[in-house]
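Right, I'll just put the structure down here and ask away after.
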Amino acid sequence: MELPYVVVIILFYLGIYTIIMNKNLIKIVVGVNIVESSLILLLILISFKLGGTAPILDRKYELVVDPIPQALALTAIVIGGSLIAVMLALVIKIYKRYGTLNVDEIRKLRG
Amino acid sequence: MSRVHKIFRKFYKIGLVLFLAIFLLFIFDEIQNLDIKRYLSEHYISEGVQETGAINLVTSVLYDYRGFDTLGEATVILTAAATLSFMTPIKKVKMLGTEFTIIIYQTIIIIIPFLVVLGMNLIFFGHISPGGGFVGGVILAMIPILVTINYGITFSENKLKPNHKSLLEGIGAIGFILLGLLGIFAGSNFLASGQANFGLGNPGELISAGLIPYLNLMIGIKVGAGLAAIFNSLIKEG
Amino acid sequence: MITPGFLYLAGALFLFLAINNKIKYIISFLITTGALIITFYLTPGYSLEINFLNYTLIPFRVDDISKLTGLIFTLSGLAAVFYSINISSRSNLQLIFLFIGSSLTVVFTGDLFILYIFWELMEISSSFLIITVSDLTKKTGYYFFLMQAVGGLSLLWGVFLNHSATGSLSLNAIEAGIPFFMIAVGIKLAFIGLHTWMPQTYSKVPFYVTVVLSIYTTKVGVYVMYRLLSGINILAYAGLISALFGIVMALRQNQVRKLLSYSIITQVGYMIIGISIGSAAGITGAFFHLINHILYKTVLFMVAGVVIYTTGKENLEDLGILGSKLPITSLATLVAFMAISGVPFFNGYMSKTIIKEALQEPVLIWGLNLMSFGTSLMFLKFIYYAFFQNSNINLNRKPTISMQLGLGFLTIIMLLIGINPFLLENLTNIDVDINYFDIKLMLSGIQPFLWSVIVFILLKKYLVKEYRRFIYYDIYREMAKIFVKIGYKLSIYHNGKLSKYLLWATTTLIILLSLLI
Amino acid sequence: MESAVWIILLPLLTAFFLGIFKLYSDKLFYSLVIVSMVIYLYLLILVINDSYPPKVYSIGNWGLLGINLMVDSFSAMFLLIIAILFITVIIFSLNYIKVNKHKFIILTYVMIAGIAGMVLTADLFNLYVFLEVSSMSSYALTAIKKTDKSIESSFKYLIMSTFGSFFILLATILTYYLTGTLNMAEISLEFKSVPFMIKSTIMFFFIFGYGIKIGLVPLHAWMPDSYEASPIPYNVLSSGLVMKSAIYALIRLLYVIFGVEFLTESGILNIGVFWGVLTFIIAHTLAYQQSNLNRLLGYSSIAQIGYITIGLFLGNEKGLIGGSFHILNHGIMKGTLFLVLGIFYYSLKADEIEDIQGLGYKFPVLSFTFVVAALAIVGLPPFNGFISKWLIIEAAIEAGFFYAAFFILVGTFLSLTYYLKVIIKLYTKTEKKTLIEKPDLSLKLPTFFLGSLCILFGIVPSLPLSLINNIPKFLLNNSEYIRILLGG
């Protein structure tokens, strides 16, 4: 059971834990960030081959790392990044409107 | 809520997450000892360079084999920028003034031209060396961000007006799609640079790999303008 | 060949063009009389086929019983529309036409799918009629629609069960889903326990709407019971109990229309007994009783309507107006009273004797006598208030001609059937070999009436007194309260905390994954 | 056959051009909106017509190496809903929306492109990307009114739905790791050799991720908030398209990649049906408690999604037909209800149940359309809701789920309780109300169009059913779908 996969799982569930556990909005956004990075780490791990070089084929290499997950990782990073940007904008707006960052006080919508 | 209830809730959550983690551990453990097949990536690695002309396989996957994903992703950035632009207050909000020392001012003025060169290099050589539209775009976006931090938002706003930023963003996105449509006009399907053999040239040279460098450029402009707009709106929010 | 049901539905659409009253009169007159003529010339055995949603459906099929019911429906429809023509607004009239049209289509349908569709259409149109007709009937309309919806849905569930058992939707292949058909018919018939909607609705709704509703709702229930559940003997005893319950409740009422609606439950008891014996005589007796019942019950409701229209009051004490000031209506009341208590030479007697002859079990015969004794006792109270009570109520407005006409039209038909009981037989080719005029039958017919007169005179002071409103325990309202309470608790649980929602999400993930192991 | 790509490209291109035109001239902006709408309608009809033998369109002409788009009857039916709802919403919102009107139209175009992408793509990661595109634009559209409630509901929607898309991304990565490809056809061939335990975990991750976006009961909490706080034209699209594209993507994944045999063997069909029943019972009970009309319709959407889940998770041919027909019907019915409420809000700022008292007499034809749509959504006979419910119940009985079929009828009764409450409030007389703004034709026409569709599909269901009837051919036995996708 390679160590990096264990790290990925730990990061993933650490992020999930922070999202569930915390009452502060910023910490929830940080949790989301942790989960994003753990998924990207998983993507890179999948593309890894022992002794393989980066997928730039300016010379003939005998073993090249798998390029597809790296492309997917790039897309996932960009999507994750813009999601977090929108999240932060909403958090700023909520703080200005509600005056608090505690998730349990933001309860105008009920029932 | 009574204290006991709080503690119970806390342990319940920890228990939940632990159970999930252990469960995924078993799954990953079982996945390890499976023989995994990678024939699609073998194909990319073996014929990737001949088919797309780009040496950097990741860029060839990103812009040619799976160009549609990149289009989708570019739309995500555009939506994020649009969301943030209507989120910001209309009236000018003074950014909290950060008085940097003189050293910072001077260094920023000096390194901005190098940043431009580095960004452009990453974009244009995207299909040869590691890099590409996204990385180049981020570095280009750093320039207006540094200016904003350094000279405050009002100065950077009139240097590069928000309308210009969204204009640039629009041009980048439309350029990407029009280049894709070139594939259709040339007879084969949308975003077909490798298949429609747009002058693949011999790999390794600057002008090679069909449409990929131009797609790289478009994405570079788009990401640069997009991230600068996002940063400015977040700063104005404050 | 346009069927009477579709004619009425088309009529409802034409009424959109009725800008002023004159066109309204013409259209409704044309539609009602046209429907009557068409049903009269229908030849049994004719049927229409369409295919819809890969089923072959029979929206229109005529046989003797359905022709008979169709005739009485169009006839009483003519009278009811005539009665209420200048009181009801255009949209109410449209809803009435929709209601009559859908009940006629239910009568003439050949398969369960169309039966269900038009059963629901009947429900929707009658509920909207109740809701939009006046401001006080919102709550009753809500209760009525929900109660009828339960009936409709149990019918649908029965149809599904039957469809999955027999694979066909036709009416004569009924094997599964009997209990659900019973519930659906029970609600429509206002069977005991499921009857709570009827007295409440019939007493609160304006009088001309009650007249229309009373003609069709329960009678379609009887017809559908014949189509789906004829021949189940247990139901005969259930019908008896429901009828006796109707009598006991009717005697305790002090509102005219409540008394009349409980008497509907009793009269429907006769029809249930007739149908559930299952013999041909029983069924013909039941359907003849249906016709007679429509005639005299509508007349009684129309009389109550006239009283309400003229004096604006509807308690039993205010019936005195009849004796003193309204000659024609009081004549009609007398004829209807004689008919309902089964006095010979009036139409009630004819159908009651057919059912009595068709019965074998002694308990049922005794029950039947008890029922007619109770009905005549009930209506003696009605007559006592109408004629023997001196009342000082004055008339604020005269009943309109159309009301008198509708009333008189039905009374004449009643008298016709009373005098010549064989009229109904030769109209439709059903033959009943009973000689109505031999002494033994006449005697057994008159006996319960005489007994009721004697009992009434003896126990007058018990029967004729003001009953204060007793506590009216309605289990359906209790169930509704429980449902609302649960819903309230649930919605309080959604208190908007994001952490709570996320916790629910993770717990569902855990439950999902644990299903794996 | 490249019109399949144009269905995704045209809205994107229009959105980008609108982004630029917004800066310069309004007249140009609206003319482009109208022109692109007309072309888009024509394109959609073109694709829907020749969708019977499913066609594959590979992006970049790479065949199985790149991303493929696939148009079969299931996606054609969904394009039909997009055609109907998108056109009406754009016409409606042209003068309904006052705040941020340009941004609203741009973001709606982007969302439509995202949903069209999700519907057409036959590639797993591309499905995730377009899911993110459509979700991102729906977060923005929820927050566009910039009131306290809309910011809060948009944030909750964002967090919950990101929480879901983590698991979708995790499942996509694991599928790639196990099979080495991202094309749905090849994945389902490779998946035959994967052990049962892992395969069902991935399936459960997909179901959980999409479950949050669909709004099945325990995961639904964000949805009524987003209905209450977002602009009404967006509500029409959200209940008609966003929720539906999530369940469409889930069904496409389950039936194509995992195949019906695996679904029945792993028992997910029973779980799905039970979950559907649970959803609509709780949603109906909650809907009764609401006083805000949008929240009430939000809960009713969750309930209707429960019926659709039952229909689609039965695993037999009739169930699929009934489920997809209910997707179409629910989009139309809920669209009519929301548009009528929109007009009430536009003219009287009425969004609580008390506010619409007596409007039955002030807007007679509009309230008639509302009553028709309400009776249709409850499932009463002459309208289209009844036909699709009839098909679902029949399929449920055929598949042996008697309890589910029975509870659908109980659900019909429960939904009648609260819709009748609203209808009665509509027709109780009250004192004169002053009209803030007179709703003009461009608001009323789309409502009447959708309302008449409710009746039309009820009386002549063979019209849409001719398209929907050949859906199961390519979903139930996915070998046909795979053969075509592999370039057969």
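Note that the chains are named A, B, C and D in the order they appear, and that numbering of residues resets to 1 at the start of each chain.
Basically, a contact is a pair of C-beta atoms (placed from the backbone, for glycine too) under 8 Å apart; a residue touches a chain by one contact, two chains touch by 3 or more.
Heads up on the chains, UniProt names are A = Multicomponent Na+:H+ antiporter subunit C; B = Multicomponent Na+:H+ antiporter subunit B; C = Multisubunit sodium/proton antiporter, MrpD subunit; D = Membrane bound protein complex subunit mbxH.
These numbers come from a predicted model, not from an experiment.
Chemist: Can you pull out the chain pair that has more C-beta pairs in contact than any other?
Modeler: Maximum number of inter-chain contact pairs occurs for B-D.
Chemist: Please tell me the distance, in whole Å, between the geometric centres of chain B and chain C computed from their C-alpha atoms.
Modeler: Those two chain centres are 73 Å apart.
Chemist: CA centre of chain A versus CA centre of chain D: separation in Å?
Modeler: That pair's centroid distance is 28 Å.
Chemist: Report the inter-centroid distance (CA atoms only) between chain C and chain D in whole Å.
Modeler: Computed value for the inter-centroid distance: 44 Å.
Chemist: Just curious, how far off is chain B from chain A if you go by their C-alpha centres, in Å?
Modeler: Each chain reduced to its C-alpha mean, chain A and chain B end up 15 Å apart.
Chemist: Tell me, which residues of chain A touch at least two other chains?
Modeler: 12, 16, 19-20, 28, 68, 72, 75, 79, 82-83, 86, 90, 93, 106, 108-109, 111
Chemist: Could you check chain C for residues that touch two or more other chains and list them?
Modeler: Counting only residues that touch two or more other chains, chain C contributes 491, 494, 496, 498, 502-503, 506-507, 509, 513.
Chemist: Out of chain B, which residues touch more than one other chain, so two or more?
Modeler: Residues 13, 16-17, 20, 23, 38, 40-41, 44, 66, 69, 72-73, 76, 79-80, 83, 87 of chain B touch two or more partner chains.
Chemist: Counting only chain pairs that touch, give me the topology of the graph as line, ring, star, complete or other.
Modeler: complete
Chemist: Along chain A, where are the residues that touch chain C in the complex?
Modeler: Contacts found on chain A: 16, 19-20, 23, 28, 103-104, 106-111.
Chemist: Once bound in the complex, which stretches of chain A touch chain B?
Modeler: Residue list for chain A touching chain B: 1-2, 5-6, 9-10, 12-13, 16-17, 20-21, 54-58, 64, 66-68, 70-72, 74-75, 78-79, 82-83, 85-86, 88-90, 92-93.
Chemist: Can you check the complex and tell me which residues of chain D touch chain B?
Modeler: Touch residues, chain D against chain B: 2, 5, 9, 12-13, 15-17, 19-20, 23, 57-62, 65-67, 100, 103, 106-107, 110, 113-114, 117, 121, 125-126, 129-130, 132-133, 136-137, 139-140, 143-144, 146, 174, 177-182, 190, 194-195, 197-198, 201.
Chemist: What residues on chain B touch chain C, complex-wise?
Modeler: 9, 13, 16-17, 19-20, 23
Chemist: Provide the residue numbers of chain C that touch chain A in the complex, in ascending order.
Modeler: 491-492, 494-499, 502-503, 506
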